[in-house]
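Below are two complexes that have chain A in common, paired first with chain B and then with chain C.
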Partner chain A sequence: MTERRVVITGIGVVSPFGVGFGAYRDGLLAGRHGIRPISLFDASKSPVRVAAEVTDYHDDLLPSDPRHNVVLSRSMRLGLVAAAEAVSSAGLDDRPDIRAGMACLMAVERYDINLEDFGESFARAISADADAPSGFSFSRQKYLSRSHRAAHPLWLLKFIPNLAVAHVVRTFGMQCEANAYTSESAASLQLVGDAAESIREGLFDAALCGASDSRISPIGIERYISLNLLATGTPDDVSISMPFDRNRRGYVLGEGAVFLVVEALDHAERRGARPLAEIAGWGQASDAFHPYRAHPEGRGLRLAMAKALDKAAVAPADVDCVAAAAASLDDLDSAESVALRHAFSASNPSVTAPAGAIGRTHTAAGAFGAAAALVAIASQSIPPTANTTEPDADSPPGLVTGIEARPARVRTALANAVSFGGQCASVVLKEVES
Partner chain B sequence: MVPDKTEIETTIASAIRKALNREVGEITPDTSLVTDLAVDSLDLVEIVYDVEEAYDIQLEPDELFPQRLLRDPDNVNEGTITAGGIAKLREQFTFTSLAEIAPGTPVADVAGKLLTMRVFADYVAYVIGKKSE
Partner chain C sequence: MRRRVVVTGLGAVSPIGLSVEESWESALAGRSGIGTIDIYDPSPLRTHIAGLVPPFDVHDFVDPQHPFHSDNRRLRFGLAATQMALRDAGIEMDRLDPERVGIALGSNELQFDEHVIGGTLANVFNGERFDEAAWVGELLAHESPPMRQLLQESHETVSYLSSQFGTQGPTASYLTACAAGAQAIGEGYRMIRRGAADVCLSGGTDSMLTAFDVIGFTNLGALSRRNDEPKRASRPFDVYRDGFVLGEGAALLVIESLEHARARGARIYAEIVGYGTGIENHHLTAMSPDAIGPVTAIRRALSDAGLAPERIGYINAHGTSTVENDAAETRAIKTVLGEHAKNIPISSTKSMTGHLVAAAGAIEAAFSVLTLRDQVAPPTINYETPDPECDLDYVPNVARPIDVEFVASNSFGFGGQNVTLIFGCEPGE
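On to the complex of A and B.
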C-alpha cells in the first residue's frame, strides 16, 4: 500500500507586513522589511529601539466571541486572526462537519509577566525599608493581602499557554486532539511533521497547524538584552536584521502568527480543495550542546535536514530553495551556513532568510519559514533576504540578496528552524503536480 | 455608613457595563443579570471584583449564588426546586425580599430569577453594613 500523501490546503498569516498571507508574500517578494521604531510601548530609554511589530491588527478582525477578548493576550489574538484566514482559505468556513474532526497543533510561547498587568500591583507592595540596599523592599504580605488586586481578576487566563490552543479550537469547533508545543522556534515545524505523520497513520484527516508569538514588551526585550542577543541602535537603525551578513550584531524581535491547514491529499481531493504544496518530508534533531547557543557545526540542523530529505526521498541536488532559520545571530547563522554547505555539498540551492524582513519571531519562526517556502513555490521565485548587503564569507553560496525576487523553477523547497536550546526541525515542501 | 440602594445599583450597573463591553439596554432593579443581560461566569468574576474594589469589601459567592443549595438532592425533585428548597433559599437570602419562586420551578431558572440587580444591591448593602458594625 502506498503511503498517504499530505498537503497544505490553507494558509493564514499575520506579520509585520500586515494581516494576510498576501501581505507577507508581497512584502517578501519586494525585498521589503517590517522593522520600525517600537510603538507598542515607550522604548525611548531602551538600548533596543526597533522591532518588527504587526501594525495593522485590530480586534474587529477576531473570529472569536468578543466577550472573551478580555482573556486574550496579544499573541492569542494574532493567532486567532491567522487561524481564521487559514480555515477560510482552505474552504472550511462552511464545513463545521470537517472542522469537528480536525486536530489543532499550535506552538505557543511562555507568556511574560508584563508591566501593563502587574506594574501597579507590584508597585503597591513596595515600601521604604532602611535595611534594604536600595532603600525599598517588596512585601509579599502586602502583595497577597491587598495590592495584588490592582491586576485584572482574570489575568491568569491570558498567561496559560494551552489556552491559546483552546481558544482556536473553540472558535472553529475542532474537537480532535489539540496540543500546545513549547520548544521555541523549531516547535512550529515540529508540529507540521507530527501532523503529517499522524495523518499518514490515519489518526485524523486534517489539522490546523500554526504558531503565534508576541513578546515585544519591556520585560520581553530586557530578557534578550541581558543575554546579549538583540541588536541595539537608534530608532533610525531599522535595517539591522541582516541574516548571514558579516556586519550582523544580533537579532530583531519580530511578532506574528502563521497557520496552515495540513490535510491528507485524498481527503482534499474528495472535497475539491486545491493543494498549495505537498509536505513531502520532515525531520527533527537536537544540537545537544548549549542552553541558547547553536552548535558551531550545526550538527542538529544537519541531522534534521538529512532526515527530512530522506523521508521525502528527495536528493539534495533536487532542492531548489531553502528558507533558512538564520536570524542575524552570530552563532546561529554561522552554524546554519556550515550545515547547509554540508547538506548541499554538490549543489547550491537558492537560500532566503525571512528573518531579515520580519525579525526573529521565536515560536512562529519555523512556520514563517514554511510560509516563505510556500511563497517561493507559489510565485516561482526566491524572495531576497532583506537587509543583507554584505554576506559573510562562509554564507551559503546560493543566498539571494538585493531587493528583487529571483525568478527560478521551484519544485522543492526546504524550511529550517533552530530553537534557542538546540532543537532543530526541517520540512520539505513540494509543488503538487496537477 | 451604608450608601443608599440607588448608589449601589449605579456602581453595580457600571461594573456590568464595563465587564460586558457591549451595548446593554436600560438596567433596572428588576433586571436579571442572568436572563436579561446574559452575564456569564467570566463576566461575574470581573463584576464582583469591581464592586468589591468600589466599597473595599469581600463578597462571598456562596451567599449570593445558590449553586450549592441547588445541588443538594434534598432541595430538588426531578430538576425542579421543592418547597423545602425554597424555604432554605429564603433562609439564605434574608438580606432581601425574594421574588416569587414557586415549588416546581426548574433549577436552571432559579438563578435567573434570583440574581436581579435588586438582590445584588441588597446583598452589597448587607455586606457593607456588616463591615461597619
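On to the complex of A and C.
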C-alpha cells in the first residue's frame, strides 16, 4: 500500500522583516537582518540592548473578534496574523467547510508579567517606607487582598498557553483536533511531523500548524542573561547574531510567528490547491544530556536527522539545502556542526541559518527553519546566513555567507530545530513536480 | 499495521498519597486530600484551600549527586512519579535502547513570585512611576539561581526528566491546561502506535498553587470558597458545588508496544485502545450548550477504539465541581452514550484529589487503569444533594465493585481542548 503523501499548501509569517511570507523571503534572500535597538520596553540600562523585533505589526491586522483584544498577549496577536495569511494563501478563506475539519497544532510560549499589564496593580501595593533602601516597600498583604484588582480581571487568559490555540480555532471555525506543544525550538517542527502522521492515518485531511513567540521583556531578558545565553552589547551592535561564526558570543532574542497549512496531497489536488512542497520525512529525538546545554556530539540532532531522512527515503547526498538551527550559541552551533558533518560525511549540502537574520525565536524557531527551507525551494537559491563573516573552523563546509543568495538547484531541503534542553527535530521538504 | 499499546508501569504523588497504590487506597476509602494551603500564607486570598502533596524526600527517587538540583515542585513530583513508574514496570533504563524511549508530558506555564516582582519594583519606584530601565538590573541583582530561572520554562521539566533518565527518543510537553495530562498519554500512545518509540513515559506533573494562580482562577469565578470546610469543598455533581479546588501532583504511566512488553515479560495492567480530542470553539472560556467539544472527544475516542458506546463500563469523569462543567459533562455523556449513560457508574476522583490541572488527566488515567485491574469504581465523595442537571450514577461516597471491560477517562481543557482516553483489560493471546 502506498502511503498518503502530505504537502504544504499555505504559509503565513510575521517576522522581524515585517508582516507576510514575502517580507521574510525577500529579507532572507537579500542577506539582511532584522535586529535593532529594543523598543518594546525601556532597555537603556540593560546589558542587552538589541533584539529582532517585529516592527510593522498593528492591531488592525488581527482577524479575530476585536472584543478579545484585551486578553490577547503580543505572541497570540502575531500568531493570529500569521495564521490568517496561511489560511488565505492556501485558498481557504472561502472554505469554512474545509476549515471546520482541520486540526490546529501550535507551539506556544510563556508570557511574562510586565508593567503595561501589572504596573498599576503593583504601584498600589508599594508605599513610602523610610527603612527601605529605596524609600519604598512592597506589601504582599495589600497586593494579594486588594491591589491586584487594578489589573485586568481576565489577565490569566494571556498566560494560559493553549488560549493561543483557542483564539486560532475560534477565529477560523476549526472543530477537529487541537494541541498545544512546547519543546522550545523543536516544538514547531515536531508538530509538523505529527500532523503528517495523523494525515497519513486518515485522522484528518489538513491541519493548521504553527507557532508564535514573543518574549522581549524585562523578565524575559533577565532570565536569559542570568543563564549567560544572550549576546550583550551596545545599541549599535546589531550584527551580533552570527550563527557558526567563530566570534559568536550568545544569541539575540527574536520574535514572530509562522503558520503552515499541512494537507494530504490527494485533498489538495481535489480542491485545486497548489502545493509549495512535500513533507517527505520527519524525525524527533533527544540529547538526554543537560537541561540547557547541547550534547557536544549533537547526539539528539544526529538521530533526528537520520530518522527524517530514513522516513523520506532520501539519501544524504540528495539533500541540497539545510536550514540550520544554529543561533549564535557556542555549544549549540558546535553540536550542530558535528551532527551535520556526521550526517553528510560524503556530501556537502548548502547550509543557511536563519537565526542570523531574525535571532532565536524560541518555540517558533523550528517553523522559521521550515519557512527558510520553503524559501530555498521556491526561489531555487540558498539565502545567506546574515552577519556571519568568519565561519568557525568546524562549521559546515556548505555554509552560505555574505549578502547574496546562492543560486542552486534545490529539490530537497532539511530543516533542523534544537531546543535548550536537547529536544531535537528535523523535517525533510521536497519540491513537488508539477 | 497499527501497533497495540499497553500500560506496564504506574507512578504518582498526589494529595492523597505518595505513591500510586497509596493514592488508590485513599481514593477507594473516599479520603479527601484537601486542606488549608500551608506553603505560604493564603489569608489575603479569597480561597485558602487546595490539595497539597505531603512533604517527601526527592532523594528517595533520584541520586542526590545528580547535578540538576531544584526545589521546583513540578520537577520534584515529576522525578518521583517517573522513577516509581519505571520501578513498577520493572525497567532498568540501561537495559533498554535509549533511542527507542520517549517522553510525553503534560505541563504548565511559568509561575511568578509576588515577593520578587513586588520587591524589585519597589526598588525602582519614585512615588509615581517605575523606572522600567532600572528594573532589569534589579531583577538581575536579585540573583535567583539559574536553575530556578530555567524551570520557569514550561519545556524544562521534560528536559530534566530526559537528562535524568537518559531517554533519547521523541520528547515533548503539552500545554493544553486541564487536558494536558490525558493529551500527553494520548500522544504517547500515538508515538508508539506509529513506531516512533517502543516505550514512552507519559503523564503529567503540575503545581499551580501560587498566590498568582489562585487570584487568576478566582477572577474567573472558578474556585470553591468553602474555606472553612476544605474536605467538603470539592463536590462534583452535587447541587451545592461552588467551584473547583486546586490540587498538585504528578502521575506517570510507562506505556509500551504490546510486542515490546511481551518480549521483556512485563506485567501488563491494561491496553490503551482509544484516544480522541475535540475542540470547543463556541466561547473562549465557557462550554457550548451542546458541549460539542466533549461530545466530539468521546466520539472520536470510541471510533479510534472501534467500540460501540455500550461497551464502556465506567467513566472517570473530568468532574471538576464547577456548576458549568459537571452539567455540561453530564449532557455530553448522555448525548454520546444515549440510554446506556444511565446504566454505568461515573465518578470524579477530583472530589478527593482536587484538580491537578496538567496532571489531572494523568492521575485519572492511572485510576482508570486500576479500576480495570481491581474491578472496582472509586466514589465521588461529598455527593449529598442531587442536581437535576446531573442525573446519572456518580458512585456516591462509597466505592463499588463493578464488572468492567473498558473504561473511559474524560479531561476537558480550559480553552476548549477536550480529551477522552479509553482503556481495556489486558489483551489476550
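Everything that follows uses one rule, which is that the second predicted complex is superposed on the first by the 414 of 434 C-alpha atoms of A that agree within 3 Å, B and C clash if a C-alpha of one lies under 4 Å from a C-alpha of the other, contacts with A are read in each partner's own complex, and residues count from 1 in each chain.
Everything below uses one rule, namely that a residue touches a chain if its C-beta (ideal position, glycine included) is under 8 Å from a C-beta of that chain, and two chains touch if they have at least 3 such contacts.
In this text the structure is predicted, and so the values were computed from the model without any measurement.
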item: Partner chain in contact with A:132 - chain B first, chain C second, else both or neither; value: second
item: Chain B versus chain C as contact partner of A:317, first or second or both or neither; value: neither
item: Touching partner for A:153 - first (chain B), second (chain C), both, neither; value: both
item: Partner chain in contact with A:71 - chain B first, chain C second, else both or neither; value: both
item: Chain B versus chain C as contact partner of A:223, first or second or both or neither; value: second
item: Larger contact residue set on chain A - chain B or chain C; value: C
item: Chain B and chain C footprints on chain A, overlapping residues; value: 68, 71, 153-154
item: Chain B contact footprint on chain A (complex, rising order); value: 66-71, 149, 152-154
item: Complex contacts: residues of chain C adjacent to chain A; value: 44-45, 68, 98-99, 102-103, 107, 109-110, 112, 114-115, 117-119, 121-125, 127, 129-130, 132-137, 139-140, 143-144, 146-147, 149-150, 152-156, 158-160, 162-163, 165-177, 183, 187, 190, 194, 196, 211, 215-217, 219-220, 277-279, 281, 284-285, 292, 296, 413-417
item: Contact footprint of chain C on chain A as seen in their complex; value: 41-47, 68, 71, 104, 108, 110-113, 115, 118-119, 122-123, 125-126, 128, 132-134, 136-141, 143-145, 148, 153-157, 159-163, 165-167, 169-170, 173-184, 186-187, 190, 194, 197-198, 201, 218-219, 221-223, 225-227, 284-292, 299-300, 303, 307, 419-423
item: Complex interface listing, chain B residues touching chain A; value: 19-22, 40, 42-43, 45-46, 49, 53
